[in-house]
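Listed below are the structures to be examined.
Both complexes shown next keep chain A, but they swap its partner, so chain B is in the first and chain C is in the second.
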Partner chain A sequence: MTEFDVVVVGAGPAGSAAALEVARAGLSVALVERGPFPGAKNVFGGVVYGRVLDELIPRWWERMPVQRWVTRRSTMVLTPTQALTVDLRAQDWGQAPYNGATAHRSELDSWLAEQAVAAGATLITSTVVTGRSATGVRTDRPDGDIAAKVVIACDGVNSFLAKEAGLFKAREHNTLGVKETLALPRAVIDERFGLTGDEGADFEIIGCTGDIPGGGFLYTNKESVGIGVVLELDGLTAAKVRPEELIAELKAHPAIAPLVRGGELVEYSAHLIPEGGYRTMPELVTDGMLIAGDAAAMCLAAGIWLEGVNFALGAGMYAGRAAAAAIAKGDTSKAGLAAYRTMLENSFVLGDHRRLRDMPGLVLSERVQRRYPGLVCDLAQGMFEVDNAQPKPGLRKLLREARRTHGVRVRDLLRDGITAMRSLS
Partner chain B sequence: MLVIAALRWVDPRPGVDPLTGAVHTDPKASGPSAADECALAHALRIAGPGRCVAVTAGPPAAEGLLRDALAAGATDALRIDDAGANTAVALTAGIRTLGPPDVIVCGDHSLDHGTGATPALLAHAFGAAQALGLVELSMDGELTGLRRLDGGRRERLAIPLPAVCSVEPTGLRPPRASLPAVLAAQAAAIPVVTVDSGPSMVQAGEQKPYRPRPTHLGAPAGDAHHRVLALTGALTERTPPRVVRPASAAEAADELLDFLRKHGFLEP
Partner chain C sequence: MTYPERDFDDRMSTVEFRVGDRPHITVDQDVCRSCTTQACVHACPANLFVPTAEGGILFNYEQCFECGTCYQVCNQEGAITWTYPDGGHGVVFRKG
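Here is the complex of A and B:
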């Protein structure tokens, strides 16, 4: 039988980071990926926050395959005829050591896996892990069992390995992310989004998914833009709408249409996102196995944030370190691997998730989704509308009217405000 | 017996710049075509326990294709690093380094606008029989192939050795490689033969963007003001642009026909 010290399942960001750390510790590690190459099957909106890479790959920004460095971060609240945008521009983010970058998954994931291979990991592609065996994992290849002291499950949302091990206790909470990549000439993107050189823009949008809880995004690449929506599955099923119709509506919105007009559709992709956050995370450690990244619902999808790659990289890195340490100590039982959870708790991975644990529920709530976008847009419109025969209405009056129009009670507004403040403070 | 699977490493969906005509290929998306995978499967089957060599002329990234062939059962592999543009010449030079081949199997034509000429050119170079566009190939004492004819008919061919056979993409694929074979293939050294097959024998003209020929126009007469007016056509009378929004395709067609009639391009 094929033997390695560690087998990592899935060569996404979590898997490659885990394999890199294990290989650096001088252990043998197999990185098993079902796609023909890392990233072949992977989808994301497009922004990767690389700060966590500082610990993994020194001066990563000089080598990582980047489309654009995000210097413009806009949060948009939409109603069918209104848009309210908080538009942040930070030129610092366009210089080393940078903040976020847009990237293509096929390039990013391949590059990350190359780092692991360069450190000594063995990448095995076009191979599906079909489950755990007494000594490691089974794959779909003839003679395909791999024996390993530790299995690190980085097999993404819907993790077969985590489910098989019965690690999910809470109901999983997945949303569907769908994305269109629209080709546009570089100069057109620069002009429409107000960018120069390698600068990029990142728009996170709420209020663009009709009756379905969710959100939207718009990111710039070098010569394309990625536009998409994230949709709660139950809502999507009930609404009987096709996701591409919602992207079409978003593209036709008066605030978005001028940005994407004339874009040629070059790719359509869809993928599940584990949006439930902290409250839906499975147990992260069991005898001989660790779970990292989307497999452990570590994607932070809390309205104005859609971050999964950085959490996956962080979790994979700690999983790799914990596995190597447990093997060195000769104890790969649940207790021997428990340092993994401690490392996550002391880092941003569980730190952020714990703090923001109420945000996914709040963001996907009926009020935030259906009532607040109209409320804030009406409030802003009321403030800036000039009705000169009349004196300007006070903010309190405007708020009262907007609350009435959108059926928002003061009690709910306060409660949601407190939840948000508590999460963010 | 020496059986060669001559495989082409190709991007099935390259990007073409509409303005310059430049072709962009993605090494990650590149690999063998369905016909080439079929060719490898046939080569492995007719070689049986004998020697089956997977050969490709391509860049270092094409070695992935050769490693897959090794994992699937090829006994060895060869990459030909060709500085020229004549695939058949490069393949011939590379294959000669392996010894005289008994059977060379190729896909019927490569995906990147291949004409299917490579197998025929190989047959000529090796003085071998050629059987092209086969849907079946088997070695049962003698080499036989099945070829599709018009009207749903088939013809069975007895093919003398040495032979070059090209196969159509049917459902046959190489066997799924075992995990130990995949790992062994990853570690295998791929021999490389460097050749220069020379510039392309087919000259298709220079690749360049479409640019209409410039026409010499004399400078207009008069002072600067009049010359600018003449050059820009600013005050010249002309039909103003008209925006129409026909409700249906039929109305749009009528609109266009009316326009062409009005301007004398169609009989009234």
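Here is the complex of A and C:
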């Protein structure tokens, strides 16, 4: 049996950040990945926010494999025949120290794992951890058991380690993300999205998933775009619509079609997303084990914010530090590892998640999904429609009409507004 | 305008699979025959669950995304046994 101080299960962003911090503390660490290389099993909605890496890798932006730096961030509300977009352009985000970047996970996750290896971690690929043992973890390799004082479970949204520990909750608001990567010439992307050089665009979309709670996304790579939908599993089950049909509908929308026209499918992909956030997180610490990243439901799906890799990186970093500190003290029990939770609470990881804990439910609610998109689009259309010889209608009249059309009561509007404001303030 | 949608096989041919010998997901036909929803048939993004004339479900593990949707939407206890493929096998995403 091989022995390490720490074994990290899963070489995604959480796992690599954890292994990096353990190795830097001077301890031995195995980083076990079931894919043939890190990132092989991973799919995301396109954007990584790297600020948390400032703490781990100085001037990371000079070396991290990115596709484009996001300088255009659009939030779109769609109905079948309307689109209302809040379109932010921030040129600052196109230069150091940058903000968000589009990337391919095969490249991003491999690079992150390389940083851990450079610090001294041992990366073991093509190996499935099949469960915990008395001394560490079992794997599917012959004689492949690994002994370790602490296990850091970064084994993703279907975490078998969390399941085995009885910590895996039946997750409300789990969603299925399906994505098409469509090749387009770089100059065509630049022209259609109004971009220059390494600038990139990220569109997050609501109102494009029919009867199914969810949303859509469209973002630019160097020479391709990623487009897809995110679908709540219960709604998907009830609707009996196939996921790829909803991508086809989004691609045919009059506001989207001109952007993706002629794109050739180079990869179709899918992944589950733990969108429930704070309210669906498992216990994060048990005897000898910490849980981080998607395994701990750390994706933030809070309407205008859609993040995950940054939370995984942050949680992994704190998990690595807590594991190293516990080993140094000689206490890797649940109590000895409890500093992990404290570090998360004092950081953005649980700070954001806790504050925004009611947002996933609101964003996936029937009103936000099926009534408000039509309401705000009708309101905007009413304001800009010139109906002479009639004088312009007042905003109050427009709102009343839109509310009636879409069956929205004032008190629901107020209640949802308060929930949103309480979360955002 | 609308797009001519690609044949589903063409769609799946864009994805790399290193198919292992062991089926990592198995489906219990007897349980599926009594299932009224068969949610897996619509929800699986790789379209791997095919209803049979006898009311069962035909399943092919080879082009699986390993996403977990099938067992999470399944409402029949024990119908789907779900594990990961052996190390190094299964789907390999390049543009994920």
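Rule of thumb we're sticking to: the second predicted complex is superposed on the first by the 419 of 425 C-alpha atoms of A that agree within 3 Å, B and C clash if a C-alpha of one lies under 4 Å from a C-alpha of the other, contacts with A are read in each partner's own complex, and residues count from 1 in each chain.
Following the convention adopted for this analysis, a residue touches a chain if its C-beta (ideal position, glycine included) is under 8 Å from a C-beta of that chain, and two chains touch if they have at least 3 such contacts.
All values reported here derive from a predicted model rather than from experimental measurement.
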A:I256 touches, of chain B and chain C: first, second, both or neither? neither
Which of chain B and chain C A:A40 touches, first, second, both or neither: both
Touching partner for A:L233 - first (chain B), second (chain C), both, neither: second
Contacts of A:S110 with chain B and chain C, given as first, second, both or neither: first
First (chain B), second (chain C), both or neither touched by A:I146: first
Which superposed partner A:T127 touches (first chain B, second chain C, both, neither): both
Contact breadth on chain A, by residue count: chain C or chain B: C
Partner chain in contact with A:V309 - chain B first, chain C second, else both or neither: neither
Touched partner set for A:A165, first chain B, second chain C, both or neither: neither
Common ground on chain A, meaning residues reached by chain C in one complex and by chain B in the other: 36, 40, 106, 127, 139, 141
Partner chain C, residues of chain A touching it in the complex: 34-36, 39-44, 104-106, 125-128, 139-141, 157-158, 160, 171, 174, 176, 178-179, 181, 221, 224, 226, 233, 236-237, 239-244, 248, 251-252, 257, 265-272
Chain A-facing residues of chain B, complex: 28, 31, 176-180, 182-183, 186
Chain A residues touching chain B - in the complex, by the definition given at the top: 2, 36-37, 40, 106, 110, 122, 124, 127, 139, 141-146
Chain A partner contacts - residues on chain C that touch it in the complex: 1-3, 5-6, 8, 10-12, 14-15, 18, 37, 39, 42-43, 45-47, 65-69, 72-73, 82, 84-88, 90-96
